[in-house]
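In this document, chain identifiers A, B, C, D, E and F correspond to the written order of the chains, with residue numbering beginning at 1 in each.
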Amino acid sequence: MILHLLRSSPFSALDIAQSLALMDQDDGLLLMQDAVYALQGQDQPWFEQLQQRQGIYILKEDMQARGLSHCPSFIEQVDYSKFVTLTLTFDQVVTW
Amino acid sequence: MILHLLRSSPFSALDIAQSLALMDQDDGLLLMQDAVYALQGQDQPWFEQLQQRQGIYILKEDMQARGLSHCPSFIEQVDYSKFVTLTLTFDQVVTW
Amino acid sequence: MATFSILVTSAPFDSQGSNSALQFIRAAIESGHSISGVFFYQSAITNASAWQSPPADELQLHQEWLALHQAGVPLHVCATAAARRGILGADEAQAKNLSGTNLQEPVLASGLGQLMVLLNSDRLVQF
Amino acid sequence: MATFSILVTSAPFDSQGSNSALQFIRAAIESGHSISGVFFYQSAITNASAWQSPPADELQLHQEWLALHQAGVPLHVCATAAARRGILGADEAQAKNLSGTNLQEPVLASGLGQLMVLLNSDRLVQF
Amino acid sequence: MQSIAIINRHAPHGSSHGQEALDLALVAGSFGQEVGLFFIGDGVFQLLRQQQPETILRKNYSKTFAALEFYDINTIIVCQDSLKERGLGEDDLSVAVELLSPTALTTRLKQFQHIVSF
Amino acid sequence: MQSIAIINRHAPHGSSHGQEALDLALVAGSFGQEVGLFFIGDGVFQLLRQQQPETILRKNYSKTFAALEFYDINTIIVCQDSLKERGLGEDDLSVAVELLSPTALTTRLKQFQHIVSF
């Protein structure tokens, strides 16, 4: 089980498509740094892909830094402490 | 008249869409650095947009560096000397 | 409790990566985990520079790394990647007849082999 | 014949930007144009470091810039952006009680106002 | 007088582009240059209200946008397509801006002598 | 013995990712680690034949891929979807590789203890 860390804005880079293409059903994805702007992508094709999956997380501190507060319920908000725990719940970590 | 310099691979970044969105009919686009990989995008939606335009250039040295040799006729190959001339043919230069 | 190795490959200030690494490490230590080492590679080598001088209202990242070292976290930088970008340890500085050096203890100028040693941990996390 | 100002904002080695700028400037000079100045900003400030020490089979970018200066091209670096990233001129080094400095003439530690002066040219090209 | 257009095309905090573009804008303004600030693509996120980058150990420079008029910078142009694509409206922004279509934005861009992008 | 998977996801020469990923792979190999080199997305361009980066003042490290076996690195995996999307086939590559679907590639990736990406 791999935990994918996505750092880039899905509005600017195609890393989101690449990480989703490599994800198994039991893998996880943490939206961090500029990737938290994914929250603003309700009309984007990749948003639907996120919606159809289990194991989508978002880093609370990075949301707050950028003035984002609304988060749909299918994305689980985590702080750094929970982020650490997540890296141990999964077997490996891949950074995008 | 603006000359747009595109540096990033259109397979990885969405800069190509942004520069095309801001281009007038008389503006130019130079594919340089990793943007020369655009040559490999025959099946990509942005390739058709390039094809429908005038004023698409590509930097020969950057193609050669990356092992690319085939260039369709609608894209004009330029060397650094012609690149310098181009920046004077247009009124402003924008780097992406 | 687990042991973590941290690989930092993104430039301080130019990217958020070093900040994220710092916050992750602090959270890991607070939760009782241990850090077997931090390794700076690629443009992250600027983290190793003792000369970083940001304006007073900005984070002095190098000082934050030194504080983590005080808390027992070993700090390594790839000597080749650092030299390429102008960060020189005592040996390289001497070879160039320089009177100073911007790569100082406790940050260690290491080879990539040191990163291999760090792989001997429960998790490797890259920032 | 025209005058060009060159703004470099991408990191040497980590990006091709500095190489592209170098080749553009050489081609412009060969065609008889003049360069009113090169200004290093953001992560491009590493170009100003006199301490760059790449392996022997790689380009020593700093030396290439010095050669351009010999050919009459003024070189400026944003002092604030440089200090943030550990590139210090004589004044900053003295303020920190350092015995050496990695930002030396002919590269000039300038303010962003110097870039405004450089705008007084036919074209500004950013790399 | 010279004139300079500064394009912001990156989101804040993940990189330093926004902060160093703003530094440049302030200096250009105080040197009496005519400055145009353009926000396109992810650059529109620079202007979001209620940013708190202190939580991630970064500087909160977004407060400075409100002070631009004191530096005689009054041309703040936002790409309306970029804003809409990101689910945002003018109300989400911290300063008053001019919303333009890409075509109209390009026309304005061409009125400046030099263009830099961050 | 430890094992490490190295993902190459950037094109060569525009950045330093490829060169520094390869440096790391060679050291890992000579330290007796089990190394897997993965090429996905633009990373597949790393393996193109006939690169001449000397023309842009960059080092031609692509020649080194042919020497990987001397460092006991025999696992070179390329994402077949990425290759096809970029109009390339196995014949365009400078070394023999294992072509895998994204699903099969992920399965292989999970056999390594640690994963880094460049």
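By our rule, a residue touches a chain if its C-beta (ideal position, glycine included) is under 8 Å from a C-beta of that chain, and two chains touch if they have at least 3 such contacts.
Everything numeric in this text was worked out from a predicted model, so none of it was measured.
Peer 1: Keeping to the contact definition above, tell me which chains border both chain A and chain D.
Peer 2: B, C, E, F
Peer 1: When you check each chain against chain B and chain D, which touch both of them?
Peer 2: In this structure, the chains that contact chain D and also chain B are E, F.
Peer 1: State the chain with the largest centre-to-centre distance from chain F, centres being mean CA positions.
Peer 2: E
Peer 1: Report the chain whose mean Cα position is at the greatest distance from that of chain C.
Peer 2: Relative to chain C, the chain with the farthest C-alpha centre is B.
Peer 1: Is the contact between copies chain C and chain D built from the same residues on both sides or from different ones, judged by whether over half of the numbers are shared?
Peer 2: Same-residue interface.
Peer 1: Need the CA-centroid distance for the pair chain A / chain C, whole Å please.
Peer 2: Spacing between the chain centres: roughly 26 Å.
Peer 1: Go ahead and note the Å separation of the Cα centroids belonging to chain A and chain E.
Peer 2: That pair's centroid distance is 27 Å.
Peer 1: Averaging only over C-alpha atoms, locate the centres of chain D and chain F and give their separation in whole Å.
Peer 2: Using C-alpha averages as centres, the distance is 33 Å.
Peer 1: Round to the nearest whole Å and give the separation of the Cα centres of chain E and chain F.
Peer 2: Once rounded, the distance between the two centres reads 39 Å.
Peer 1: Which positions in chain C touch two or more other chains at once?
Peer 2: Those would be 13-14, 16, 20, 23, 42, 58, 80, 123-124, 126.
Peer 1: Provide the list of chain B residues touching at least two other chains, using ranges where the numbers run on.
Peer 2: If we look for residues of chain B contacting two or more partner chains, we find 7, 11-12, 14, 33-34, 61, 92-93, 95.
Peer 1: Residue numbers in chain F touching 2 or more other chains?
Peer 2: Counting only residues that touch two or more other chains, chain F contributes 13-16, 41, 56, 58, 113-117.
Peer 1: Could you please write down every pair of chains that are in touch?
Peer 2: Once each pair is checked, the touching ones are A-B, A-C, A-E, A-F, B-D, B-E, B-F, C-D, C-E, C-F, D-E, D-F.
Peer 1: Of all residues in chain B, which touch chain E in the complex?
Peer 2: The contact residues of chain B facing chain E are 1-2, 14, 18, 21-24, 27, 91-96.
Peer 1: Within the complex, which stretch of chain E touches chain D?
Peer 2: Listed in rising order, the residues are 2, 4, 16-17, 20, 23-24, 27-28, 31, 33, 113-118.
Peer 1: Using the touch rule from the top, collect the residues of chain D that touch chain E in their complex.
Peer 2: For chain D paired with chain E, touching residues are 7, 9, 41-42, 80-81, 111-113, 115-116, 119-120, 123-124, 126.
Peer 1: Applying the document's contact rule, which stretches of chain A touch chain B when the two form their complex?
Peer 2: Per the stated touch rule, the residues are 11-15.
Peer 1: Touching residues of chain B toward chain F in the complex: what are they?
Peer 2: Touch list, chain B to chain F: 7-9, 11-12, 33-34, 37, 40-43, 61-62, 64-69.
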